[in-house]
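Below, subunit A partners subunit B and then partners subunit C, in two separate complexes.
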Partner chain A sequence: MMDNKRKIVILTLISLAMTLAFVFWGLGPTNWKFFIQTRLPKVAAIAITGAAIGYSSLLFQTVSNNRILTPSVLGLDSLYMLLQTFVIFTFGSTSRVAVDRNLNFFITVILMVLFSTLLFKLLLQRESGNIMKLLLVGIIMGTLFSSLSSFMQMVIDPNEFMHVQDRMFASFNRVNTDILIVAMVITIGALSLTLKDTALWDVLTLGRDNAINLGVDYDRTIRRMLFTVSLLVSVSTALVGPITFLGMLVVNLAREMLNTFRHRELITGSILLGILFLVGGQLVVERVLNFSTPISVIINFVGGIYFIKLLLKESVG
Partner chain B sequence: MIEIRGIEKNYGKLRVLDDVSTTIEKGKITSFIGPNGAGKSTLLSVVSRLVNQDRGQVLIEGRSLTDWDSDELAKKVSILRQSNHMNVRLTIRELVSFGRFPHSKGRLTKEDKDFIDRAIEYMKLEDIQHKYLDQLSGGQRQRAYIAMVISQDTDYILLDEPLNNLDMKHAVEIMRMLKKLVRDLDKTIAIVIHDINFASCYSDRVVAMKDGRLMEEGETDKIINSHSLGQIYDMDFQVTRMNNMNLCVYF
Partner chain C sequence: MNKFIVLLLLVMLSLASLFIGAGDITAMDILLLEDSKVELLLISRIPRLASIIIAGMGMSIAGLIMQQISRNKFVSPTTAATVDSSRLGILVGMILIPGAGTLWKMSLSFVFAVGGTMVFMRLLDRIKIKNTVFIPLVGIMLGSIIESFTTFLAYRYDLVQNVNSWLQGDFSMIMKGRFELLYISIPLLIVAWKYADRFTVAGMGEDFALNLGLNYKTVVNIGVTIVALISATVIVTVGRIPFLGLIIPNLVTLYRGDNMKGNIWIVALSGSAFLLFADILGRLVIYPYEVSISLTVGVMGSMIFLYLLLRGDR
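What follows is the complex of A and B.
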């Protein structure tokens, strides 16, 4: 058995190699300037998304004490789709809110964070630790948002629908540098502000009662974690589109590989795996499939197969 | 000393605790007895801040529960509940190490490791300390959880049916170990227990509850008699004296 430090080092090397391959593969003396310019922002966006998704999914699974949930059950993905559909439906695809990526990014992030904060405030303040109710309400809200957006998509002009459809899938092809820096600052800020709590999260895996018994301020910790999750999910979704399914995949793979309860190791593993999957997926999309498929199709395909495997394994064990 | 004053707790319309006042005296083993649904476990949960009461207050060494810092309280009072379902795979040693969290905040010092070793030794788990919890029998798992509470090293230890899943040998071992904790280390122990004879033989005080109310409390000898027990449990008891112990026959 390899120890976990070794595994993490190997994982780091593989993701680094993959990233370098992505940046430098096919560069020649004539085209390098152009390719570097398009590929570097993509790599940065991938790193941010990988980190945000891996981190938030792990935190969310610790909060909900469940290994097959992702933050998407909070309804944030559906809210994103609703906002995008609503903007194109009411203002049109040529309006400033739809075209100006900066404006769109900020409005989306602010509304998503606002929505989830409101949800937590309303549900967690009254009853301590009733996470299940929060998840249920999240799922119901998510369904409501999806229904509203599909309604608008039905009645929308077909040409406009093309623009909506474009945003239904995550993509790294339209990342804009200004937003990238903002997203990077928020993601790194959230990570560095919360990383000191990893020991608390380890205790949370023992369940609410044991955590309180060991002196963890349960309600406060949970609120902090959920807020971090919603912030990171909002930023990464507004940056590249709905992609939370990736979280389920990487967190569980990290758990399987590292076989530990320690969040410090699991976080590193999840983030590295997230980057690995996204860079690998993007390589396949660009160099093998010639941009004919969005990356989320590949990730959902791989993730779906893994999910079924997970369910079969759980039902046997 | 823990003082419990006029605690009331409702779940919806159901009143599970109704104006319960009692004390858990320092340096003694106090047994909480009573039929199922009497509110014993809920009371312990209120005392250990796992459940918030609707009315009344709990004073721990004269200070109200709400005035205690959660961190400080975790070094003063510990609780072990009946069901401890976990989603992670842990070894016994890892579980016991969690007991040091209030002291070490996740960074174990040499002193913490000594406490962990001692707790494992106390519960006779040395040989299997690196086994995973899901590989253990019910009794071994229960002992591992108790070892975690011991390594937490609090003055007050609250145990909610710690004898569940244990055979007679291990149940007796645990009760003896609790007596030793009280005698050697001056701990205070409150325990919810269903086996009346264990309560009779090992506890200093007994608190009897029924339907969310306090029925009787006092020295063990004063409660363990056929009249009192008959009222608490609604059945006939015969109490006989054997080897200096009061034993109940109710079969």
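What follows is the complex of A and C.
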């Protein structure tokens, strides 16, 4: 068996190689300027999304003490869809809120964070530690949001629907550089502010009672973690769109590969795997499928199959 | 809650439902046998009423059976990958036989829906952990996998909006010749009623049920088949009606306990009454247009469910 340091180094090398291949594939003396200009923002977006999703999914699984969940059960993906559908439905696809990506990004992020903070406040303040109830309420809210948005999607004008459909699937093909910088700042900020807590999270894996016994301020830690999760999920969703299964996929693969409970290593592994999958997926979308399929469809398909395998193989939870 | 009060309520709502809509119908028109009005009644209003009543009964009974045999209050046919598989069926129908009539597409989607639900139940059988929140999540996740496949196909053929609106729960499209598939669920409901006692015992757990001399596996299989068939018919003809199979059984068993034989009629009747009420509401809110039922039920249902969840063990 290799030790984890070696594995992480190898993983880093592979994802670096993939990224370089993605950037430099097919570059010639005449076209390099154009391709570099379009591909570099994509790579940056992929790195941010991979980091945000890997990190937040791992935290979320630690909070819920469950290995198969992804933060999307909190209803954030459905909220994103509802917001986008609502904007196009009421203001039209040519309105400022829909066209101006900066404005749209900020409104979306703020509303998503607001919603999840309210949810946590409401549920966790009254009865501490009832995470399962929080999840159920999240699922219900998600169903409510999606029935609202699917109603709007049904009655909307088909031309306008094409704009909604564009936002239903995550895509790295239309990333805006202004937003990219903001998203990067938020993501790196959230990571660097919370990374010092990794030791606390290791203790949390022992379960709520043991953690409290060992002197962890449970409620405060959980609240901080959940807030980080919702912030990162909101940023990455507003940046590229919803990718439901990616988090579950990379975190579990990281666990399988590294075979540890230490968050420090798991975080690195999840983030690297996230980037690896996204770059790989984007390569498949661009080179094999000729942009005919959104990347989230591929990732959800792979992730879904992996999920079923996970369920059948072992008892999770 | 008394059976007869609910029945009375249902009858009153039914009468109201017949006379509400964009076209005016009065009792006098019917008595005078005015042709156009009677025709409206026969082609549109009565089929609509019948389908609402059957769908309401079907979905709530399917939910009741499912919750009973999986011993989990949070599962319902809408969280069991049924919807997503029938959507795939519709799409396959559209792509392979574009000229085919509605009934053909429906039948294809019906086959897919039954298949999907069966796969879900098989999966439940094989996974080890049976946590209350976990099982519906498995259904949701399985649904997303099927959905990603559907999306892949729909995206290629530019059918995303089309496929999505097919399964939006909506009674305004119900007319003579479009809802008859629903009748399949009536014999199924009778079987469910006959087996109610056995489902109750099965709900006490495998060991206990075997001890009482029940053929546990067979009973569970019958239950699963009934659920799959009923929810597939409803989804294909009416569309997705969220929460109905979740809330009605939960509300009733909250007050009356888990004896299924005693509950089955009241669950069926209140399911229909609730659905009918939601439908009438949807027709009145923006009269003379209407809001689709999955929206009204979705909003009302999530409110009730949140209430149930939050009052919980306080």
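Simple rule for what comes next: the second predicted complex is superposed on the first by the 313 of 317 C-alpha atoms of A that agree within 3 Å, B and C clash if a C-alpha of one lies under 4 Å from a C-alpha of the other, contacts with A are read in each partner's own complex, and residues count from 1 in each chain.
Note that in this section a residue touches a chain if its C-beta (ideal position, glycine included) is under 8 Å from a C-beta of that chain, and two chains touch if they have at least 3 such contacts.
Keep in mind the model is a prediction, meaning the values are calculated, not measured.
In the superposed pair of complexes, A:Leu206 makes contact with subunit B only, with no contact to subunit C.
By the document's definition of touching, of the two partners only subunit C reaches A:Ile308; subunit B does not.
In the superposition on chain A, contact is made by A:Gly215 with subunit B only, not with subunit C. One of subunit B and subunit C touches more residues of subunit A, and that partner is C. By the touch criterion defined above, A:Leu82 reaches neither subunit B nor subunit C. In the superposed model, A:Val73 lies in contact with subunit C only, and not with subunit B.
Touch criterion not met for A:Leu58: it reaches neither subunit B nor subunit C. After overlaying the two complexes on the shared chain, residue contacts for A:Ala238 are found with neither subunit B nor subunit C.
Once chain A of one complex is fitted onto chain A of the other, the partner contacts of A:Leu136 are limited to subunit C, with no touch recorded for subunit B. Shared contact residues of subunit A, touching subunit B in one structure and subunit C in the other: 66.
By the touch criterion given at the top, residues 74, 123, 126-129, 131-134, 136-138, 140-142, 144-145, 147-149, 151-152, 155-156, 160-161, 164-165, 168, 170, 242-243, 291-292, 294-295, 298-299, 302, 305-306, 309-310, 312 of subunit C touch subunit A in their complex.
Of all the residues in subunit B, the ones that touch subunit A in their complex are 48-50, 52, 70-75, 78-81, 84-90, 94, 98-99, 101-102, 105-107, 152. Remark: subunit A residues 66, 68-69, 73, 132-133, 135-137, 139-141, 143-144, 147-148, 150-151, 153-154, 158, 161, 165, 168-169, 244-245, 292-294, 296-297, 300-301, 304-305, 307-308, 311-312, 314-317 touch subunit C in the complex.
Interface of subunit A with subunit B (complex): residues 65-67, 128, 198-200, 202-203, 205-210, 212-217, 259, 261.
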